[in-house]
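There's a structure below that I have some questions on.
Per-chain numbering from 1; labels A, B, C and D assigned in written order.
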Amino acid sequence: MNDNLYAKVKRRTYEILEVARPNDKASRVVDIILVCLILINVVLIIADTFELPPLASKIGGVVETASVIIFTLEYILRFWSADLSYPGIPPFLARLRYMVTFSALIDLISLLPSYISAISANFMVLRMLRVIRLFRVFKLNRYTHALRDIGEVFRKKASQLISSMLVVLILMLISAVLMYDAEHEAQPKVFDNALSGLWWAIATVTTVGYGDIYPVTAVGRVMSAIIALLCIGLVAVPTEIITSGFSEQISQKKVEKNDKSKKSNGQDEDTKKFCPYCGHKLD
Amino acid sequence: MNDNLYAKVKRRTYEILEVARPNDKASRVVDIILVCLILINVVLIIADTFELPPLASKIGGVVETASVIIFTLEYILRFWSADLSYPGIPPFLARLRYMVTFSALIDLISLLPSYISAISANFMVLRMLRVIRLFRVFKLNRYTHALRDIGEVFRKKASQLISSMLVVLILMLISAVLMYDAEHEAQPKVFDNALSGLWWAIATVTTVGYGDIYPVTAVGRVMSAIIALLCIGLVAVPTEIITSGFSEQISQKKVEKNDKSKKSNGQDEDTKKFCPYCGHKLD
Amino acid sequence: MNDNLYAKVKRRTYEILEVARPNDKASRVVDIILVCLILINVVLIIADTFELPPLASKIGGVVETASVIIFTLEYILRFWSADLSYPGIPPFLARLRYMVTFSALIDLISLLPSYISAISANFMVLRMLRVIRLFRVFKLNRYTHALRDIGEVFRKKASQLISSMLVVLILMLISAVLMYDAEHEAQPKVFDNALSGLWWAIATVTTVGYGDIYPVTAVGRVMSAIIALLCIGLVAVPTEIITSGFSEQISQKKVEKNDKSKKSNGQDEDTKKFCPYCGHKLD
Amino acid sequence: MNDNLYAKVKRRTYEILEVARPNDKASRVVDIILVCLILINVVLIIADTFELPPLASKIGGVVETASVIIFTLEYILRFWSADLSYPGIPPFLARLRYMVTFSALIDLISLLPSYISAISANFMVLRMLRVIRLFRVFKLNRYTHALRDIGEVFRKKASQLISSMLVVLILMLISAVLMYDAEHEAQPKVFDNALSGLWWAIATVTTVGYGDIYPVTAVGRVMSAIIALLCIGLVAVPTEIITSGFSEQISQKKVEKNDKSKKSNGQDEDTKKFCPYCGHKLD
């Protein structure tokens, strides 16, 4: 009887912590509280870089401590109820398996800094910790699949992306050395070495053009014009790969949905293929 | 008999104020006058920010007053004849319903400042009012469906846009804090807090690159290069979503037109649709 | 007999001046000479903006005079033989009709400055003439159909382009006034009126970002970020319309070629339509 | 017997130097060593532009000498075993044919500077040689087909690219002269001649916008806005041609693969092709 209650409480905890189903009000409220807390933490981390009045710092510290307690509790409860996610395997292994999921690792890593900072007060360490604490923003990923989608696009298109980036990199390297040779004499302080040339190449081919480094000699400008017109087209290739990867993923999801709805109509179309554009049967 | 005249006048008023049919000259003239008045008002608002000689200011004031009178009259007449737009429901409800349409709200909101400024002469209020008065430019929307098209694209693609913008925002936040930590010591005045880092991130990933803020340290530049190459691809995703949304809408309109023209040829293709890509019949 | 010779000379002149057929060597040589002369003239016009030594100026003047003579001769010969382009109509009308073609107008307009500058030596007039003389570069259009293709794309997509540009313009106007109000107090010299705001809006939404004008206040930066992220997507729409217009035109030309080659195979496919992508027959 | 050993050694040398097959460990090790050596050389060339301490310079010199020896050996061995690549023709001709391949030329050219610098120590020559030595990075091309893919895209789309670039060039030329005329008086030092105008045009239409040169007069700004909005769309055309060229090549490769896998399924579809868009059989 007691065991039954224990199982019931665990089941309910699991349901509440997971993303809310439309009717589950308690789960919905917990979701909203957690999302708000994550956003408050992001604001806090940014506020941390300002020179705050003592009172604000104190409030910030209190909120931070409260967040750590809540997130630690959340982590423990998720860990405890994790065996319900993997029904087939023993609870111990299920929890270990949960611990190495992306979500759980982010949860753990973003908690660590707050515990470490209680021990060490080294400035450099604190700086690093601030960035790691910011990883809490990835906890939002549980509520949106945006980051997972991006990861998938990068995985699918990895070979194309690397191939096109390599070309860009080779051309940028050659541009950098050429530009250093063309401009070093005229601007010895700006183009002080080939890495400055590389910085120029990056600012130019991405078309950011901060304006801190640019050619002034005739040779440098002619080269710059040729490199700009050529490389902007090439830098657009990885960008195009990423955007088309997203479009494909979206249309694929739609086709999958259509496939499912067609199947559920009882039509036997398992062995046929469809045009990704119009879903027309290919003969 | 009198009622009949009243109805006739209202019907004619309604026809004149609505977008002109090809043959209705009176309506066409009113349309052109209103469009010109809107454009004159835009010029006036821009001229308002210059230090004008007294005579020009006076003329501007007269034109503004005249515009307000005409636009108020237009609003009243539209309100009065609004029940003809919703034939099924009682006139009172029809007018209320008209009042909450986008066009009517813009008409009302852009009129308010001129009446408020007659009461208050507070400088800050006047500034706000200038911007609101500029909303008159949205009245042009009645004559071009450009803004409505944009609204539709944003509505249709809302979930995709939000999803991709969220990823960009998360990456920009992390970049901002990283960049602040890398550059704060070298440029304490430029990178004075994490919000400056965010401003840098925005200028970089949109490739605007004003040049007011950029990394100078080696660590900052390497990070900047990676962030730039990565995020420009991701910022291109929402842009791609918007542009592809427009293309789809345009091709959809064409397909609809083709459908209509085919129907008018008497062919019975009511229940069939065509792939926008290959024009193949969808089963 | 004499008439016959006259007609033969005219026919030959016409053939030589028209774009060369593969085997017509004389025509080819004339084409190459004319293209070179156009390019030399472009170099001359650019060189004209430098402070040249007296000798170079003199040589430039001689080349310019020679060019004018040759181009005038070319124009007269083209005018004389123009009736061969329009065989159906009387020679006088054919020549008039030739005179109002794009090519002939460019030929005439780009010649005028050299004759006018012989009369007037007013500095402002000379400046204007330089630009008009540069129109000679359009004469290249006879040898490449690049400009004609662009014109066609702009004509076909005119309504879409205007519609999307109008949205961009409206948003830029509103951004300009908002930005002026946000920044005028902090930077009275930079944001001196709403037109400066418009200049900022143009530099931002095109992502050029010269760096001569940018927001420094918190309000201005937040607004700038929102406007940048929103408008860059919208400015991409006209760009997308132009680029997709070109792609369509290219694929259309291919389809036309395929159509022609299929027709020449004697297949009777007049009444059938083809998918613009794969040329597949639509049922 | 001796001849047989000679042939075996040559065959093995050839196998080792060619890109490794999955099981050939010796070949794989040689590949990795060569790739590392190329990357070390790139780092060396960049390091060369820094003011290095004497020890580092000395180490760099040793590594450079070692690289030259290894690359020379590689070249000789490749040359010696080259006749195995062209089995049909006599060894002498086969080796000559190998010498004029892209890979062999890059190998030779990137070796030359090191031998030339042993003779001449002229500063200008050394600078040129540094750039040529950087060509060693192209040797990587043997292991990735990235550069070959780009070359193919440029070859296939050459006529379209040249045509669209020509339009951009003509418009930039006219913009440059117009801008020079508009701005020369206001900024005689910045817009000192039409070439400065061209430099402005390049920075603007590529949207790099360094900020070293921009219009300040009203006329110049209006022209700049029109040129920017118009030309950015046109500069996007070559970029679009390059990116779509890559997409086509990728999808073509996939179609080829699918064709092959279908063939291996024993289906007789040799003479049929498929639309890359809808996969529909082309007649």
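Heads up, the rule we're going with is that a residue touches a chain if its C-beta (ideal position, glycine included) is under 8 Å from a C-beta of that chain, and two chains touch if they have at least 3 such contacts.
All figures in this text were calculated on a predicted structure; none of them were measured in a lab.
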Joint neighbours of subunit B and subunit A, given as chain labels: C, D
Shared interface numbering between subunit C and subunit B [over half = same, under half = different]: different
C-D compared against A-C, more contacting pairs: C-D
Matching chain pair for A-B (criterion: over half of the contact pairs shared, by residue number), options A-D, A-C or B-D: A-D
Euclidean distance of C-alpha centroids - subunit C vs subunit D, Å: 32
Distance from subunit C to subunit A - Cα centre to Cα centre, in angstrom: 45
Contacts with two or more other chains, residues of subunit D listed in rising order: 195, 203, 207-211, 275, 277-278, 280
Residue ranges of subunit A in contact with subunit C within the complex: 207, 209-211
Contacting residues of subunit C [partner subunit D, same complex]: 42, 45-46, 48-50, 127, 130-131, 134, 137-138, 140, 144-147, 149-150, 165, 195, 199, 202-203, 206-212, 235, 238-239, 241-243, 246-247, 250, 275, 277-281
Complex interface listing, subunit B residues touching subunit A: 160, 163-164, 166-167, 170, 173-174, 176-178, 180-181, 184, 193-195, 197-198, 203-204, 207-211, 214, 216, 218, 221, 224-225, 228-229, 232-234, 236-237, 240, 244, 275-278, 280, 282-283
